[in-house]
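Below: a set of structures, written as structure tokens.
Two complexes are shown next, each including chain A; its partner changes from chain B in the first to chain C in the second.
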Partner chain A sequence: MTDIAILGDETTPLLEFRNVEKRFGGSIVAVKDLNLKIGRGDFVAIMGPSGCGKTTTLRMLAGLEEPTSGTLLYNGLPVNDLPAWKRQMPLVWQSYALFPFMSVLDNVAFGMRSRKMPKAERNKRAQAWLDRLGIGEMAARSPSTLSGGQAQRVALARALVLEPEVLLLDEPLSALDAHMVVRMQSELAELQRSLGITFIYVTHNQSEAFAMANRVVIMNEGELQQVGHPMDVYRAPRTRFVAEFVGANNIVDGEIVKVGEAAYVVDTPIGKLTSSNPSGLEAQTGQRVHLVVSADMVHVGADHSDESANLIDARLVGESFVGNVVTLVFETNGNYELKVQLQQRALSDLDLNINDTATLAFGHDDALLIPSS
Partner chain B sequence: MGLFLLRSYVVLIFLFIFAPILVSFVFSFSENRFPSLPLTEYSLVWYQRVLDEPAFLDSFKRSLTVAGWTSVLSTCLGFGGAYVDYRYRFLGQKVYVALGIVPPMIPVLILGVAMLIFLSRIGLSGAQHSVVIAHVVLCTPFSMAINRLKLSQMDQNLEAAAWNLGATPWATMRTVILPFCLPAILASFFITAAISLDEFAIAWFVSGLEETLPVRVLNLVARQSSPSVNAIGSFTFTMSLTLIILAQLVLIVSQRRSGRNE
Partner chain C sequence: MVVMTFWTVRNFQLAPDFSFSNWVTILSADYVWDAYARSFLGAGLASVLVTLLAFPCAYYLGLKASPRVRLIGACLIMAPFFTSFLVRAYTWRTMLGDQGVINAILGWFGFEPVQMINNLFGSIIGYLTLVMPLVLLLQLFSLSAIDRRLIEAAHNLGCGPYWAILRVVVPAAKTGIILAAAFSFVLAFGDLISPQVLGGSNPPTLSILIVDQVRGGLQWPRAAVIAVVMVLTLITVVTAAMVMTYGGNRRQSIRGKS
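This part shows the complex of A and B:
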């Protein structure tokens, strides 16, 4: 692969999808016209609900699926026809896919076997990686005797021992216990930082992706929805799907009735709301839009004198707790539900009971406009 | 009470099935020319008689050769057939699998006649290799079934994982698929060998003058009743049983090993 590495310079993305499309059986479209560039050293999370095409995208990178049309470039060179065994893009499988009849050490050394490396050298490197991941004493064990977390580390060692430029991970934490997931997340993020290689991580789990990645790619029904830094995607979703998929967002449909100097007035079923955050939308009077407000940007119990905020009276109808975060569900006049996220402490200060009415407030700046789909 | 009845029932069934074999076993060690109770003298005279007769030894050697070739060939074919079904999705796959299962369901008599007609038409009948060909047809479905079962237990991604780590499809076959299927392949060797050793009807049709042991035994029984038959029967029964038990052991041990963490 050295000849390819020379061709790639700083400006060439490590990986690029150019108009890539993947169809199965002629009619089922798994990935639609994908254009995506992935840089060196990125930790990219490809996210979306099941069936969104994220795994197909990963499998195309690994060479396990061939694009139906379009070009996949690696260091600026098309690799559509490069078979999987020549790609050097090891994958960490959801099921780990360890070879059950080989010892842990032989599993890790497997990839070096096809590179004709002498056995002693192979085993030395494999052992070194097992030690680095803290499972050195498992070398002689059979994979079937390992716990999920240990098997996960073996799968990682088996891939990383090949010193790849790109590591592919297919929902690697989905089979682990909750406490292991948190631990592996920080370990993976740390590993990626210290190795400086590109991680491409497929998941349907938003918190996993946001905890580790510095770039998230959101897909739905085979289409790319949004690419960007996790915070940007979280704070400024570009489509209704993304707004629903990331975070807890309130989405209200409406029509722009007034375009002001720095603010837009939107007529919605819960009243006229003002937004000063069109997020690049060339908004015009009469245009239908979705107004998006993140649940943690809504304040409870404002007084009506505040001119810089949207104010809505609503009745508390439900609450749910996850850790110390409370999600309150309010109902407005037009039977519209609004979600509000609070710290538990803030809730006890409010002294609010079910069926109580309160005034909800959110800033003009926190009301995001996205085009109606 | 119900449990007791059920157990007695099972014991009776097994007794019903195995009693004739047991009788043959016991009388093979009796010196008497005719089976009679009580047994007077134990001896190995009938075994000696069998060993002294070249016709028996020849047919026994022939049976072993046929079983050897049959087990190798039908295991290769059976594994290949099972792998194709596992690896590829194609039009008519269900028909393909069904056709692979059919031969043992055809009455052996019909299979035997059909084989005789077919083999003699292409000039391959009446010899040792005719029996091998016919037995491969009969045994391959068993081998395919065993290998399909094993492949169905394989992680769907195991093969792709090997490619992903740089192994070519051939290297993957050698280093991943075959080692994974090894228990099934061994079991298939034993079982197909056992089937071939015991098989009589088809061999009778196609073997011509190159008789296998079961055919030889029938010809003997047709002419006279000799306690030698008991000796041969006991011997072949033990051999077949050993092969079947070996096959089961291989499968059970491998099952235990792979299922340990489930």
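This part shows the complex of A and C:
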């Protein structure tokens, strides 16, 4: 392994997928023509709904699936044919996959045993990692006696004790209680920062990914949709799928009717809307587009004289509370639904009841255009 | 049966009694202990051999083969259950005998005939024939029930395929493997056909002694003594197997709670 590491340099990405495709049984395409570079020290979250190919992508990295075509590079060298046991990419499994017939300590020491490390040394290292993750006193226990959070830490210790360059995590928090998830999220992020190694984290949960990752990869039906910083992906989705997946977006279909100096006018079922944010789209008159507005960018109760905003009259038809964030659902003339997210305090200031009519406003800059798919 | 061990036989007539003479006669006879050792070692050897021989096949069918191949394999394993064991034992006789198929082939290459029946080898072949299908099935069940993620996790942690079998597959399927071996010991220990048809009856095993006691003098009580000894042996062996299977886990979880 060390000879490979020497060959890599700063410009070579740590991991690279080059036109990678994975089919099962010849016809089922799990991953389509994937091109992706992953750098050193990144916390990458691969996201998408179930069946989008994210887990297959992770398993190809671990060597548990072989790409049907294309090349997978590690430090610039192809590793397609390198068997799983010769790659140093430990995986933290969704089900933890702890060996039930071994003690916790033996589980953590397992990988070092494969590397023929003397028993005293591997037990010392395993114990040190268990201590670091706060479960040192569990060493002699059987994995079946552990709680979900404890088992999770054992799985982490078992992987990290090998001092890998890359840690793979397959929905590691999906089996935990809500309060444990929040705690583990900050612990994982902290761990990644202090170790400085690459974490590749697969999840279907957007909030998990956005809470930890500095780079998100969104996939759908085996295709890469968008790669970028979580905030950029959130603010500037590039496809309709991403706009829907990152949630809390209003998406209106329309046609560009006027291309101005800095703004585009789009004819939509809820009226003519202006956008000054084409997000790289070379928009032309007559082109069909989706106009996307984040729900938290819409203001309620605007003044009709405001020229710099898109104004829509709508009727409040529903509201839902998650914590102190309220999502209001409005209905426009054309029976179109618009979502608005507010802090709960802002809502009480508004004094708005169901079936009340209000004027909604969003800035030209907050109206994003993406190509119609 | 236990009660009968205390009866006596007079003038070829069974008579209820309370006498330890049967126990004394049997337990002080060297030939009984020789037979005991022979039965025990034969059955032990057979269960070790069958475990080792069945494992690669069960491993392939349970973990490597496609579901279709596994189904066909399971059907083939069950096929011997539909024929009489006596028939299968006699089939081996015709194949392994001095004029059998194997010695005929060896003869073409100029080899002397090898004696393969009427000895321990013959008995072992018989035992293996008797217990192989059952052991294969039990191992197949326990291997195909293994969580494959455990094997993948072993690979992921740098453990190659052969070490993964030893460190993960066998421990994960331990219960089924030991249970199958215990079953095969039980079957082989009490088997009469293998030592008689393929082992040549002489020197005898315990099961042959039972038949001899009854046939040559209607010594049902002495036969019962041997049978009771056999049952006690089997209970001990099966209990030991159970302790081997579950004892380790229990100790571990108790230690965990302290």
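To be clear about the criterion, the second predicted complex is superposed on the first by the 373 of 373 C-alpha atoms of A that agree within 3 Å, B and C clash if a C-alpha of one lies under 4 Å from a C-alpha of the other, contacts with A are read in each partner's own complex, and residues count from 1 in each chain.
FYI, a contact is a pair of C-beta atoms (placed from the backbone, for glycine too) under 8 Å apart; a residue touches a chain by one contact, two chains touch by 3 or more.
Remember, predicted model here, so these are calculated numbers, not experimental data.
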| item | value |
| --- | --- |
| Joint occupancy of chain A by chain B and chain C, clash or fit | clash |
| Touched partner set for A:A62, first chain B, second chain C, both or neither | both |
| First, second, both or neither for A:R141, with chain B first and chain C second | second |
| Touching partner for A:Q88 - first (chain B), second (chain C), both, neither | both |
| Which superposed partner A:S186 touches (first chain B, second chain C, both, neither) | neither |
| First, second, both or neither for A:N35, with chain B first and chain C second | neither |
| Which of chain B and chain C A:T285 touches, first, second, both or neither | neither |
| First, second, both or neither for A:S103, with chain B first and chain C second | second |
| Footprint overlap on chain A, comparing chain B with chain C | 62-64, 83-86, 88-91, 93, 95, 97, 99-102, 110-111, 113-115, 142, 144-145, 158-159, 162 |
| Chain A contact footprint on chain C (complex, rising order) | 147, 149-150, 152-161, 163-164, 167-168, 171-172, 174, 249, 252-253, 255-257 |
| Touching residues on chain B, where the partner in the complex is chain A | 155-158, 160-169, 171, 175-176, 179-180, 182, 257-261 |
| Contact footprint of chain B on chain A as seen in their complex | 62-64, 83-91, 93, 95, 97, 99-102, 110-111, 113-115, 142, 144-146, 158-159, 162 |
| Partner chain C, residues of chain A touching it in the complex | 62-64, 83-86, 88-91, 93, 95, 97, 99-103, 110-111, 113-115, 140-142, 144-145, 158-159, 162 |
